[in-house]
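Order of writing sets the chain letters: A, B, C and D. Residues in each chain are counted from 1.
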Amino acid sequence: MAETTVLGLFEEIEQAASALNRLRGEGGKATEDLMVMSSVPFPEGVLESDKSPIRLTTVTAVFAFVGIAFGILLAGGTAQLYLIPGGGKPISPAPSIGIIAYEMMMLFALTAAFIAALYEMRLPSWRSKVYDTRISEGLIGIAAHCADEEQAEKAEQLCRDAGAADVRRDARAFE
Amino acid sequence: MFDNDNILTSPRSIALSVDASSPLQLVLDEPQQSRLTKLRLMTLICVGLVLAAGVAIYGYAYFGHHRNDPSFWHISLVSLLFWIGLSQGMVALSALLRITHASWRYPLNRLLDIGSLFGLWGPLLLPVLVITRRQIYALGSSDYRDNVWRLSGPIFWDALTIGTAFLAGWMLLYLTSLPDFAILRDRAGEGSKEKKFYTRLAWFWRGSEHQWRVLRRAEGVLVVGILTTFVGSQTVLGWDFQLAAARNWDSSIFAPLYTLSSLLGALALAVLLMTIANRILRGRGFFNSEHYNNLGRFMVAIGLVWFYFRFCDYLTAWYGHLPEEWLIQQSRTSTFPVLVLLMIIGCFGAPVFGNMIPAIRKQPWASCTISLLVLVGLAAQRYLDTVPTFAPRYGTQALLPTLPAIVVFFGIAAMFILTYLLAIRYIPIISWWGIGKSQTRIAQRKMGNTIVTVMVEDPPLWET
Amino acid sequence: MPDAKELAAERSSGPSGSGEGQLERDSLPYSKDTEGGRPTRKWAMTIDLDRCTGCHACETACAAENNIPVVGEQQAHQGRLHQWIRVERYWEGSYPNVKARFMPIPCQHCDNAPCEPVCPVYATYHNPEGLNAMAYNRCVGTRYCGNNCPYDVRMFNWFEHSWDEPLNQHLNPDVTVREKGVMEKCTFCVQRIRRAEEKSDAEGRELEPDEFTTACAQACPPKAITFGNVKDDRWSVSKLWNDPRRFRLLEELGTSPAVVYLKTVED
Amino acid sequence: MYDELPVPLTAAQVNTDLTRNITQTGWLWWAILGLFGSVFGWGALVFAYQIYNGMGAYGNNRPIYWALPIINFVFWAGVALSGTMISAILRLLHAGWRRSLTRMTETLTVCALAVAGVFPLLHIGRNWTFFWMLAYPNERQLWPNYKSPLLWDATAISVYLTTSVIFWYSGLIPDFAILRERTQGWRRTLYTVLCLGWRGTDREWRRLKVLFGILTVMIIPVFVSLHTIVGWDFGMSIVPGWHSNIFAPYFVCGALYSGCGAVLIIMYCVRRSFHLEQYILPKHFDNIGKVLFSISLLWFYFFAGDAWSDWFSRDPSHINWLYFMFHGYKWVLALILVFGILVPFSMLAFGKVRRTPWLMLLVGISVNIAMFSERVTVVIPAPSRNILTWGNYTPNWVGISVTAGAIGLFGFLYTLLSKFIPIVSIWEFREGDHAEGLERVGGGEMPVVIREEAIG
């Protein structure tokens, strides 16, 4: 029996939450085998199965420092490569280095945050995966990754019990 | 979508939580003689300091031989302006929290509003410090002596705008205290002095719908008025400098910078007051980490803008390199390097980088340390913006504060503390009705797998 | 009680403030032509206003020497006149006791030139000999330097210029003809400086005092303009440089110009 | 007193309504695109004429080196500022009503910034050498001069453009996923690629929220720095009237002011053209009106403070330009006072006016007329009365054409983009839908909202 995914579609938040809890409890599903899909975000903790750590803030902070270093090299360092005096000002004056370092800090930090977020979301990924177009129309999807037929049937049953509008199987990649 | 149980908490449950019959009783909810003694001792010390400052001003300088000692007069003016700025900033901060509907503002408002009472000292002090000394306003040029009372001079605008700002603050303090005075009135024993006193203060406040509506409308008007007069008075304080003939004070950024600095100081004071209030009102939990968190974040923002204004000031002088501008920047850093460092750490480093980390800004003691640094930084800024201009004329030695000047400095600080100590005897330091109001507006609801906080959306203050 | 102006003056001349001695950048770095780390040359100019008659010969000589385009009446009226040196005329007093005052203004070759740091591409910079140099090829035409020059001596090539026959045959081959869209200004006749240097190098000797001069100085009938190396005491410019009548234009801006004016002596 | 809540809409209805601008194209859209396109085309032709002839085509002269292109640059950079401000600051303040406005204002930023970015290239004398200002060494190993405020400016614009596109695109990903399901043919392919395979898993949403937290907090200093540096372009010079340390915050305020005005215009136009009356409510106009009102006060504070300080000091070298502005530019000044102060103050003070969209459109236009005039008075009078040389500048047909071309380019870009993106953020709107509700309290129903988690 091939691996399959049971996808329960719910209309109400509370139904989805109960299905999620049941799959976790009675279904004995591990966190990484469950997935909530929705077209809108919910307040933190309302419907969550993902527990993986988010390191975006760290990445942003690290790249902010990289940006500062880059800015200092760009504004101060390049001027030292070819010394051209002007206006009675130092070759690499601190205020202008500061300004460029600030801009570069922002550029690096924000770009890094964006790229790191995509990386952590595992996007872009254009492979066909478990999904249902009705999710984008407002249904909440609870996907349970099942190793065998027995598990799948149990998961289907749990979803139906929780009040799913529809339950179906999806053989496409889970993650 | 939400559960149907009512969001409204009954006012009775709030009334029950207020178990004291006088503001001081609320402060000392357990009958502890030692704390009462401590408070009295503090009051005495403050009174002593204020008196010493008065003696210093009159004895040492006014009737003594130091009428022309710049170091003495500058420090007193600097410290007076510092506290005026802070006390107005506190009221403005309170108004700002009201106008933005900050849901956590309620316990804080009264603490901040009381700050405006400091303005009562103004009429006593300002004439002594300003008018008797031609040098003070003249800033070294006696030609300005006659300008003091000219209607078109900044010093007159000072009196006008600072006065108005304080007046607005007092009105807000009194009006928003009315419902609390009424509670005190009703709780005081029949025929007692308190009964009489609070009957006078609270008039016929009954909490009728009409009265509440009028109060709310008045609050709205006053809040807008306070913000306007606050900006106005701080701007005029900045103009005192920027419009002076001394070219190196001709910095158009002083007005917004002073406005902002006052707000920064008010935030620092709010943190300190909150911590003290929390210690006194043990176990009541009026102030929690959310307050520290929010004030800290606010401080980060204001600290950044402070740096922004300062940097603009510096950068324009540095890039343009016009001697008369650049020299003042240089003389600041070369004559008072320690003060410059204190200013930058206090107004920028500590509030921004300290408060940027949530774990630090949520810690009361860390937050208080930062706030103290902020106050030191602001005092350094006042000194740096006022005094180095004299450096070429008087030399550094003449500008270093003397002992009586330091007494005056602490005397004026003691005035501020004394204002508070006296005020909390008669005014509830936490707005009871405010707390009640906040409790009727926020509720917890279950949603999915978590509990969310639900709030009633307030209509804007001016639309009631 | 001194007023603000006096205070500023007092401060800038006081020992504590960074007065003239400090603002003037005596020790310019990165010079190839140095002696013990100090440049041996600083090109400077003195203009004796007492001698200036306002004849505009300097303008004409400059235009001929430096291939300065003639823009025509229409353009000149619109403020696009090209003059690397201009003779400003000021009227003093009222009729009938009117006095005309003339002041030739070339580029002041400031040591703290406000035009230099603002150029995003280093098209204008300070050379070790104290010249405020302009690299036409590098100029992209942001015109920031023109804005920031308090003396308004920077000319922008608003249009492509042409020289009618036979004037195109009269162009100075030593001087670049500037394209439209670049900034230009007085160079202290850098081509003459270089030619003199090459000549002296070829003959294996030092530059002689007053060996050459700029076109404007050469053309000035009353010899109001003196040009030369102010680092060498033998040049006439060095003798005039510290004349008691000296002042510099817009001195309060702290630009430290290399052009010194000598005041008119009143009767 | 409370705003009437909109009738709850179903998710499908919201999806249909908010993708209609993409799925249905009428002749009017083509007409508007053509109109803006031809105006832009004319501007582009005039630009070609300018390249051929030289910068003198604008009628600049010696003391007035900068004119209409720089005025336009400052103006459009200002318009670009508020778009992100509305969505970032309102997000930071947890203002629930932002949800309908974020997308259209972010798009406004992206388009206006693109227009602003064109002008420095257009303004330089040798346009074809613009790349010399980029950060790379030339064949002689010479890098650009980072001491120049113009290069700070170039850096700030590129940083702001990059980050605001990131900000805009991050919000678009979930909406592209919805569009992927709702479109056919080449559009489906396009959106499939653009949505990067978004499925809306909680892993993705959690990251997106954190990402938005970071972007929101950090993009505010970026946009402040942009206009600060635009202000420094002037403030760093020693031209009397420009050399002012208040220019940076003053320019930021001015930019927010004109930008909020532009937001009003965009709100009205989008609402009318895409029939979004259910999504952009009078409440939104009301709130933006209040924001505009407070910014107008702030702007007036800086505007007056700047001139005031120069005027009071009576320093002769500092005041010639001011006299010139009060005399030669009195009509421009009058435009500022009437359209920038009188009209907005008198109209925005009334709740009824703030709730009437077409009146708010007028306010938006009025503010932008005033702010354009304000940029004129900033850029022109000061150098016209420089210390030694005085001059005058009169705009000619080239400058006016290019100014019109800028409006054309902006309109063209915005019209074009509005055909490819949901102009109201679908997911944000629907998120707001389930964060609001009514509760019975005593005798009335009160709107309540879920408090958002703090950002940062």
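To be clear about the criterion, contacts are C-beta pairs under 8 Å (C-beta built on N, C-alpha and C of every residue); 3 or more make two chains touch, one makes a residue touch a chain.
Because the structure is a prediction, the values reported are computed rather than measured.
Chain nearest the geometric middle of the protein is D, using mean C-alpha positions. More C-beta pairs touch across one of B-D and A-C than the other; that pair is B-D.
The distance from the centre of chain B to the centre of chain D, each centre being the mean of the chain's C-alpha atoms, comes to 36 Å.
If you average the CA atoms of chain A and of chain C, the two centres end up 63 Å from each other.
Rounded to a whole number, the gap between the C-alpha centres of chain A and chain B is 44 angstrom.
Between chain B and chain C the centroid-to-centroid distance comes to 56 Å (mean Cα coordinates, whole Å).
Residues of chain D in contact with two or more other chains: 142, 144-145, 147, 149, 221, 236-238, 434, 450. With touch defined as above, residues shared between interfaces to two or more other chains in chain B number as follows: 245, 247, 315, 319-322, 447, 452. The set of chain A residues that touch two or more partner chains comprises 13, 42-44, 47-48, 84, 86-89, 93.
Chain contacts in this assembly form a complete graph, since each chain touches every other chain.
If you check the complex, the residues on chain A that touch chain C are 83-89. Every residue of chain A that touches chain B in the complex is listed here, in rising order: 13-14, 16-17, 20-21, 42-48, 87-89, 93, 95.
Only residues 10-12, 15, 135, 137, 140-147, 152, 155-156, 158-159, 162-163, 166, 170, 173-174, 177-178, 180-182, 192-193, 196-211, 214-215, 218-219, 221-222, 225, 229, 426-427, 430-431, 434-435, 450, 452-453 of chain D touch chain A when the two sit together in their complex. Interface residues of chain B facing chain D in the complex, by the touch rule stated above, are 1-2, 4, 6-8, 100, 103, 231, 235, 239, 242-243, 245, 247, 250-253, 255-256, 293, 297, 304, 308-309, 312-313, 315-317, 319-322, 442, 445, 447, 452-457, 459-460, 463-464.
Residue ranges of chain B in contact with chain A, taken from their complex: 314-315, 318-319, 321, 447-450, 452.
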